[in-house]
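Think of it as A, B, C and D in the order they're written, each chain with its own count starting at 1.
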Amino acid sequence: MTQLRSITPDLSYKEMMFEAAVKAYNDAGVDPRTDVQSFVCSSEDFLEGTSIFDEYVPDQIGGSLKPVCTISGNGLYSLATAYMQISAGLADVAAVEAHSKASDIASIRGIMSLALDPIYVRPLDLDPYFVGGLEMTRFLHDSGNTREQCALVVEKNRRNALRNPYAAYASLLTAQDVLKSEPVCQPLCRMDVAEPADGAAVVVLASEERAKKFRDDPVWIVGLGWCSDTPCLEARQWGDAVYAKMAANEAFGMAENIRPEDIDLLEIDDSLSFKELQHLEAMGFCGKGEAGPLTERGATKPGGELPVNASGGSLGMGYTFEMAGLQRLCEVVLQLRNQAGEHQVRNAEKGLVQCWRGVPTASGAVVILSSERS
Amino acid sequence: MLAKKRVAVVGAGMTKFMRRAQETGKELAYEAARMALDSCGLRIQDIESVAMGSAPDAFDGVHMKGEYLIDGSGGWRRPYMRNYVGGGTGVFAAIHGWQHVASGLFDTCLVVCEEKMSSCKPHPQAAFQTIFDNFTERPLGPNLVWIFALEMHRYMHVHKIPKEKIAVVSVKNKGNAMDHPCAQLAQKITVEDVLNSEVLVWPVQRLDISPTSDGAAAIVLASEDVARKITDSPVWIDGVGWNLDTAYWTSRDLYYPQYVENAARMAYQMAGIKNPREEIDFAEPYDPFDYKELHHMEGLMLCAKGEAPTLAWEGVTQRDGKLPICPSGGLLGVGNPIAAAGMMKICELFWQLRREAGKRQVPGDPKTAVAQAWGDLMQVGTVVVMRA
Amino acid sequence: MGFAEKIQSPKDITHLEGEIPVNYLYTVGIAGERFLRELKENAKILGIRCSRCRLVHVPPRTYCEQCFERLRDWVELTSEGRIETFTICYFSADGNRLAEPEIIAAVKLNGATSAFVHRIRDANDRDIHIGTDVEAVFKEKGDRVGSFLDIAYFRPSRRVRSESH
Amino acid sequence: MGVRIKEFRGTSLREEDIRQGRVLSVSYRPKAQYLWSAGVAIGRYLAELKNGRIVGRQCDKCGRTAVPPRMFCEWCFRPNDRWIILKDSGMVNTFSVSYIAADATRITEPLIPAVIQIDGTTGAGMLHLIGQVDPKKVEFGMRVQAIWKPPQERTGSILDIKYFKPAER
C-alpha cells in the first residue's frame, strides 16, 4: 500500500498503482509476469472519470496479456473473487488491486447523486449525505447510543492516526471540535464524515501450498462474506446495518472455530462516525446500544480490550472509496505479522476487516484473518 | 482446501432486445432473472449467490449501477457482486458465476446481465467518448467506430480480404435472427445491401454494425449434485478463460486478437479440448461488427488465421453448415445490449445443447460449444466452453 | 520501488479538466408509469401489495424484491403517514449551501410497509421527530407533470399543527 | 426460448412515445467533473509536445521504446530507464476514413484517423489524424510527417500536432 495523501497531483493513477504493486510483489517475493496467474482490480467508472476503466488496469500491475478482471465494488469484493478463483483451482497465486484517485474528482457530490434512484430520489436535488443523516437519526434513536459517543469515535480514530505513517488526516482534535463543526445533514456534521484521500493497494493471495513457499509468516484468510440489503431507500430498515450483520454471519460461519470474542482487533468501516458503532453492534461484537458506552470507556482504543481502527480508520487515514476495504486489510496483515510499528496491537493473532460501500448503498463485506492456519 | 466442483447451467431467460425499452433497468433485470428461475422451476429462495454483469454506468446513467440493480436481480440480502470487463462482461459474468459455485462457496448462483443504453442522450455513442485516454486520445474527438474501423482495415489489409467476404456475416446473422423471438434487427438482406449501406467510418458501413439496445439475460448455475436434482439435462460449463491485453492498443498489431487465443487456450485446456476445429460443434463468437465474428473464429482457433472469411463465404458457418457460427443471430441480428448480449450467447448454447432452440436448432447432435465475448479497447477476451 | 525519476517542482505538475459529457432521459418504467399517472391525474398515491410477504410497496414495483413474485395487486393509499426517520440538510446536490436548510424524512404512509423519502415543510422544528404524523401536500393539478415531485412536500398532520399552535 | 418458454417480455418504445409524453420520463444533466493528474510520464510528454518534440521512454531490459511514454515497462514489469527524443515522422500502420463525429452526427469533410508507428520505436504507435491528402491516396505503410501548430498556439496537448501529412519522397 502507498502512503495515503489528501492529493497526489504529481502522480497519475497508473503510477500510483505501479508503486503499490511493486511494494506488494516485493513483500511477497513474487514476479507478477511469471508467478501471478490472475489479477483482480476494483473500480467504478464514475469515480475515475473514464468509462470501461478495466481497459487501463493491466500494464501497471504486471497483468498485460494475462487473466485480469474488474469487480465494480470494494477491494474486499475483489479479494473474495480472487479467493474463489484460487479455491476453484483457476490460480495458485492471484493479485488484488484497489486504488483511490479521489483528488481527480471535481464534483464528488454530483457523482454520488448519480447513485440515487433517478425517478424517486434524485429529483430532491440534495446533498446525497442526507441518506447518512437519515440512518444516523434512526440508529441513535433505536440503539440509545448518543451523538457525543459518535464524536468520540472521531476523536479516537484521528488520534490513532498520529501513530500511523500511512495516514493523511491524523489530528489531536477532540469530540467537542466534532460537535461544533458545521452541520451537513444533521445530526451528521462535517467532522463526522471521513475526508477523501488518494492511494493504491495491492495484495497477493496464494494457495496454501504456494503460500508456504513464499514466506514463513503468511496471514490466512479463514472467513469471508459479502452481502447486500435493498438498494431502495423506501424499503430500508433505517437503524440497522443488515448488510454487515449478514456478511459477518457468513464469514464466521466459514471460520468455524472462531467467534467474535476470539478476534483481537478490528479494522471496520468508519466512513461516517456512527457507522463504527453501528457496525460493531451489527456484527455481534456487543449488544445493541453498547458500542457507544464501550467507546466512552476506552475499550476500543489500541490498548483496550477490543481495539477498533487502531490504524486511525477512514476518519484518521482518509477515505479511499473502493480501496477502503483493502486498506484496512493491509493494516490487519501488518498487525498480525507484528509489523504495525507504533500502533501495533499486542499479541494480535486474529483480526476482522469490514467494508461498507458508502452512501447510498447497503452493501458490504467482511474478512477474518488469522496468523494461524487453524 | 475446498474441492473444485463441476458446475452446470440449469436455467436461462432473457427479455426482448429493443432500441428503447419502457421498463427501467431493474424491471428488465427482473424479467430475465425471473424467466431463468421459472425455466428450471426454482424460486429465489433456492439461490445462494448472485453475480451481476453490466457494462458502462454512463449508459444507464447510474453511478454504482450494480447497487442500483440489486433488487431486480434477486440480490436482496444475498451475497451479490458485479463484475465488469467492458464488452467482455456478458461471458465473463458466467465465468464469475462459475467461480462462485466451483469454489465450493455456494451451490447455486443466479447470473444476471443488464444494459439500458437508451437512457444516454443525445446518443449512446456520446458515452463511448469517455472510454479513450483523457490525455492522449480523447482530445482528437474519437468515436467508437473509429477504432473498430482501424482494426477491421488492418485485418483486411494483412489477409487481403475483400469487403463482400465480411458482409456475408451480417447477412447470415440478421437472417438467423429471423427465428429469434427477442430479435431487434432480424432482416433478410443481401451482400449488396451491406455494401451499398451508408459509409460511417470506412471500411465500416451501417449494416456492418450491431445496434444499440436495451435488454437483459440471465442463467441459473448449480453444482453437480444440486443440478442433477433440478434437471435431467444440465449443460456443463467445462472450460472458462479470460485474458486482457495491454491498454496501449496502438502498440499492438490489430490484425489478430492474441488475447482471445490466450483466453481460448485457458478454457480449452480446462475442458480437455486439444483440437477445437474437430471438437467444437458450433460457436457463438462475439459479433458487434461483422468482421469481429471472423476475427474471433480465428482467435478461438476454429480456423487458421485469415481463413474465416472464406469459410463464411462458402457457407460453412451457416446454421446448417459444417460449423454453425452465431445460430442465434448474434449481436448483429438479435441486438447488442452489451453485457446482456454476451449472456444471450451463453443462453443460446444452453438452449442449443438441450435441443430446445426451436427453429434455430442446429442440426445433428451438438455436444460441445463455445461462447466468447470481447471488449475494452479491443483488448479483452472471455471464453466459455459448454457441454451437453 | 518507484521510478527512476519523479516530479520535483510543483511547476512541472500537469492536470487536465474535463467531464463525462452526457445527458440522460430515464423512462419511469412499467410500475412507475401507472403510479406517476395517478399522482398527476388524481393526486392519489398507489401502492402494490405482496400477499406472500405481507408487504405494501410504495412506490410500487412490478415485483417483490423479497420473494421475487410478480405483483399485480394495486391498492390506493391515503396521503397520511408518519415519520420513520429524518435529517436536516444544509447543502444541495451540487454542494452549494441552501438558502434555508431542508428537512428530509422517510415517511411511512398508513397501510404501506415501505417509506417515501421526501421533504417536510410548513413545520415547526420541535414537531419533527420519529413518529410525527404527516400528510402529503400535492401541487395544483395544472402544475403536476407526472413526477415524484407532484407531491410538493409533506407537512405535520392537522392534529399536530393545531396542538403546536 | 427454449421451446418451453412461450413469452418474452419487454415493451419497445419509439422516440416519439417519449418526446410526445405518451410515456413518462425524467431528464437529468449529471455533474461529473474531473481534474485528472497527468503524472510523471504524460506530464513530460505533453510538455515536450509544446516544445515541438515527441518523447518516449526506453526499457533497457527489453530495449523497447514506448510512446506515449510510461515510467514502467509493462512487459518486463520494472521501472524503465530513459527518455528518448523521437523523430516526428512515422509510418501508417492502419487507417480509416470517418464520415461521422464523436456524437455520431454526420460530417461533410471526412477525417482520416490512423495508427502511426513513430520512427525510432519498435512498433509503438499513436492515434492521430492524417491531413493534406485525398483519403483515396492514403496507403498502409505510407510514410508521414507531423505538422505542428505554430509554437505560440501550442498548449501542451496532443492537438499541438495538427495532423500527420504524407512525407516528401
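The working rule: contacts are C-beta pairs under 8 Å (C-beta built on N, C-alpha and C of every residue); 3 or more make two chains touch, one makes a residue touch a chain.
Quantities reported herein were computed from a predicted structural model and do not represent experimental measurements.
A.B. asks: So which chains count as neighbours of both chain B and chain C?
C.D. replies: A, D
A.B. asks: By CA centroid distance, what chain is farthest from chain D?
C.D. replies: Here the answer is chain C, farthest from chain D.
A.B. asks: A-B or C-D: which has the larger count of contacting C-beta pairs?
C.D. replies: A-B is joined by more C-beta pairs in contact.
A.B. asks: Roughly how far is chain A from chain B, going centre to centre by Cα mean, in whole Å?
C.D. replies: Between these chains, centre-to-centre, one finds 33 Å.
A.B. asks: What whole-number Å value describes the gap between the mean CA coordinates of chain C and chain D?
C.D. replies: For chain C versus chain D, the centre distance works out to 42 Å.
A.B. asks: Distance-wise, how many Å sit between the C-alpha centres of chain A and chain D, to the nearest whole number?
C.D. replies: A distance of 36 Å separates the two centres.
A.B. asks: Please work out the Cα centroid separation of chain B and chain D, and write it as a whole number of Å.
C.D. replies: 26
A.B. asks: Going through chain C residue by residue, note those that touch at least 2 other chains and give them in order.
C.D. replies: Only 2-3, 6-7, 13, 15-20, 22-30, 32-33, 65, 93-94, 147 qualify.
A.B. asks: Give the residues of chain D touching no fewer than two other chains, as numbers and ranges.
C.D. replies: Within chain D, residues 11, 13, 18, 23, 26-28, 30-38, 40, 42, 46, 70-72, 74 contact more than one other chain.
A.B. asks: If a residue has to touch 2 or more other chains to count, which residues of chain A qualify?
C.D. replies: Expected reply: 9-11, 15, 18, 46, 49, 51, 58-59, 64, 106-107, 109-111, 113-114, 118-119, 122-123, 230, 232, 235.
A.B. asks: In the complex of these two chains, what residues of chain A are touching chain B?
C.D. replies: So the residues of chain A in touch with chain B come to 44-47, 49-52, 54-59, 63-73, 77, 80-81, 83-85, 87-90, 111-112, 114-115, 117-119, 207-208, 225-232, 235, 242, 246, 250, 357, 360-361, 363.
A.B. asks: Would you tell me which residues of chain A are touching chain C in their complex?
C.D. replies: Its residues touching chain C are 9-11, 15, 18-19, 22-23, 26, 46, 49, 51, 106-107, 109-110, 113, 118-130, 132-138, 141, 182-188, 230, 232-236, 238-239.
A.B. asks: Could you please specify the touching residues of chain B with respect to chain C in the complex?
C.D. replies: It comes out as residues 20-24, 26-27, 30, 33-34, 37, 43-45, 58, 61, 71-72, 74, 76-77, 119-122, 126-127, 129-130, 134-135, 138.
A.B. asks: If you look only at chain B, which of its residues touch chain A in the complex?
C.D. replies: Those in contact with chain A are residues 1-2, 4, 24, 54-58, 61-71, 75-86, 92, 96, 98-100, 102-105, 127-128, 130-131, 133-134, 240-248, 258-259, 262-263, 266, 375-377, 379-380.
A.B. asks: Show which residues of chain B lie in contact with chain D when the two form their complex.
C.D. replies: For this pair, the touching residues of chain B are 12-23, 28, 31, 35, 39, 61, 121-123, 125-126, 129, 133-137, 139-143, 145-147, 149-154, 157, 180-182, 199-204, 214-215, 246, 248, 250-251, 253-254, 347, 351, 354, 356-358.
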